[in-house]
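Consider the two complexes below, in which subunit A is the common component and subunit B and subunit C are the respective partners.
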Partner chain A sequence: MNGPKIIFTIPLFGGIKVTESIVNMWIIMVVMVIVSIWLTRGLKVRNPSKKQLFIEKLVTMLYDMVRDVMGERYMFFAPYIGTLFLLSILGSLSSLLTLRPYTADLSVILTWTVMTFLIIQINNIKNHGVLGWLKSFTEPVAFITPLNIISEIANPISMTFRHFGNIAAGLVITSLVYGGLASLSGALLSWVPNEFLSSIPILQIGLPAILSIYFDLFTSFLQAYIICMLTMVFVQGSGE
Partner chain B sequence: MGEYLQFVSIDTWTMIFTLINFLVLFLLLKKFLFKPINNVLEKRADEIENTYKTVEKTKIEAEDLKTEYEERLKSAKEEADGIIKSAVINAQRRSDDIVNEASEKAQYIVEKSQKQIELDKKNAVNEAQSDIASLAVDIAEKIIGKKLDSKEDEQLVSDIIDRI
Partner chain C sequence: MEKAIVLAASAIGAGLAMIAGVGPGIGQGFAAGKAAEAVGRQPEAKGAITSTMLFGCAVAESTGIYGLVVALILLFANPLIGML
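Right, the complex of A and B next:
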């Protein structure tokens, strides 16, 4: 199974490879910004339209979630979580539009979790000072310091592999199912004399959609939710 | 077929692009999605808060007005009561005066009438006396057959009548 396809290469710094992941992300971003502008056009304080009520409800849900998990003083964090959630879920769901989901690209997820990791450390330093931050690794006892450092670094790595693994596995299994169904229908139709007719993979119709409900819809939502939840919990915990 | 990256691979440029993409999208969504929605939500909350405040203020004002009117009504009622009471007293006094005056007048009229009656009676008696006297003189003349000296006779008759 291949990784993301390289769409084009920018001839700078010895060739910047722009992969499918990045191009798909751009597509999703453009769609998101256009939809955002459309949804927030003509907002009214009184008598809001159904469209406005819908987007207000979504944004309020996000704010409520951030407030519940992180508390009132982290409300400025809500747009970050919202962006992360939308990028994650729409990236995973883009497989429904036959795009290669960029959330099945290890580099993408790793970038997000490294960002989260840095935010956690910065928040820790902001709340406890540099010394307090360094000291937090030696707690509760000094000899546990290496373990603390490992667990701190393990956080983004486990988050990365959880998200990447789920979506990538869905991609692989879906491909395998499609391939398997194609050869199975080929075997079933081998008695048909017409070469074009016998090459139609009839078994691919319908059946993969059922798997798609789990691998695309359910997993996409779950992983987006998990990465946002963990980010919120870790950042909030680092400020305690 | 184009070139592919490894399925499990870490590509620096992909990471850099992802980071830039994330930051750009974060700023765009903040500007086009979160800020406008937040503004509207805050404005609505403000408006609701203001409405509540106005309602409370109006309520207090209304209650003040109510108390004021009630007080005014009460004082007006008291004033009216006072006016009625004094009017009643005045009327009472006036009616007493009228009745007193009337009874005085009546008394006076009655007394005057009695005096008049007395006087009339006296006059009538005097008249009757003189009539009777002259009548008696006439009768006596006729009886005696001679004319009496009018002055002396009349005097005599009067004395007789008085004695009667």
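Right, the complex of A and C next:
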């Protein structure tokens, strides 16, 4: 397995490398913006269209989830959670379209979790004041402060590795299975005299789809759900 | 010769790192068993039990994922070869 390819380099600060992950993310972002504009055009109060009912159902589900986990106080937070969920799940599912999933790139996930980390700290300061925030590190006893700081920093790191590890493991295992099936079908077809016909990886048809159901569909959905849920729980907990 | 030793040791180390997968396996199996018990006792709460179980499983998974990340680093981005 190789890392993401570098598509081009911006000649600034000694060259910023723009990788495949970022370009794929731009594609997904453009698709998301276009679909959002298309879905929210011509909304009506009386006899709404099927499209509008569908999108209303999705938005209501999101708001209900945020209300259940975080409470009425944090309802302004719902759009952020929705965006995080959509970016995560569309990124992981983009591997179905043979794009490299950008959620298998550590830096993409790290960006999201660092944003969450900053939101947690800002929310804590907003609710308890600067002194209260600093004091919260010395609880329950003063000498435990280093451990509290480490556990606070470990939060985003464990969230990052959880999401990245799941998607990257799926990518590695899927590519191993593809390689294995290719050489296996090469061995099976070695009696065929024609060079072109014997090089067709015939076992690759259909069999990897079973893995894809778990690694692409189930894991993508689960990890998007988990990262949103953890973000909500941590932000809500920091305001207590 | 040195490079071969480092490469072989890295491969063995990657394999050993994946022993970390045992813990989450036991933990997730335990969680799933308890969830099955809970559904058997209270079938109407199946949705809430399932989502709680998946959430708990995913959190319990993180130690296994740390092992996986160590193995991936040893296999694909080995820092030890650069030290030779």
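As a working rule, the second predicted complex is superposed on the first by the 240 of 240 C-alpha atoms of A that agree within 3 Å, B and C clash if a C-alpha of one lies under 4 Å from a C-alpha of the other, contacts with A are read in each partner's own complex, and residues count from 1 in each chain.
In this text, a residue touches a chain if its C-beta (ideal position, glycine included) is under 8 Å from a C-beta of that chain, and two chains touch if they have at least 3 such contacts.
Predicted model, so just to flag it, every value in this text is computed and none were measured.
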{"item": "Subunit B versus subunit C as contact partner of A:A168, first or second or both or neither", "value": "both"}
{"item": "First (subunit B), second (subunit C), both or neither touched by A:P208", "value": "neither"}
{"item": "Which of subunit B and subunit C A:G82 touches, first, second, both or neither", "value": "first"}
{"item": "Touching partner for A:G239 - first (subunit B), second (subunit C), both, neither", "value": "neither"}
{"item": "Touched partner set for A:I226, first subunit B, second subunit C, both or neither", "value": "second"}
{"item": "Partner chain in contact with A:S158 - subunit B first, subunit C second, else both or neither", "value": "second"}
{"item": "Which of subunit B and subunit C A:G186 touches, first, second, both or neither", "value": "neither"}
{"item": "Larger contact residue set on subunit A - subunit B or subunit C", "value": "B"}
{"item": "On subunit A, positions contacted by subunit B and by subunit C", "value": "1, 3, 168"}
{"item": "Partner subunit A, residues of subunit C touching it in the complex", "value": "54-55, 58-59, 61-62, 65-66, 68-69, 72, 76-77"}
{"item": "Complex interface listing, subunit B residues touching subunit A", "value": "2-15, 17-19, 21-22, 24-26, 28-30, 32-34, 36-41, 43-44, 47"}
{"item": "Residue ranges of subunit A touching subunit C (in the complex, touch as defined)", "value": "1, 3, 158, 161-162, 164-166, 168-169, 172, 222-223, 225-226, 229-230"}
{"item": "Subunit B contact footprint on subunit A (complex, rising order)", "value": "1-7, 16-19, 21-22, 25-26, 29, 32-33, 36-37, 39-40, 43-46, 48, 52, 55-56, 59-60, 78-80, 82-84, 86-87, 105-108, 110-112, 114-115, 168"}
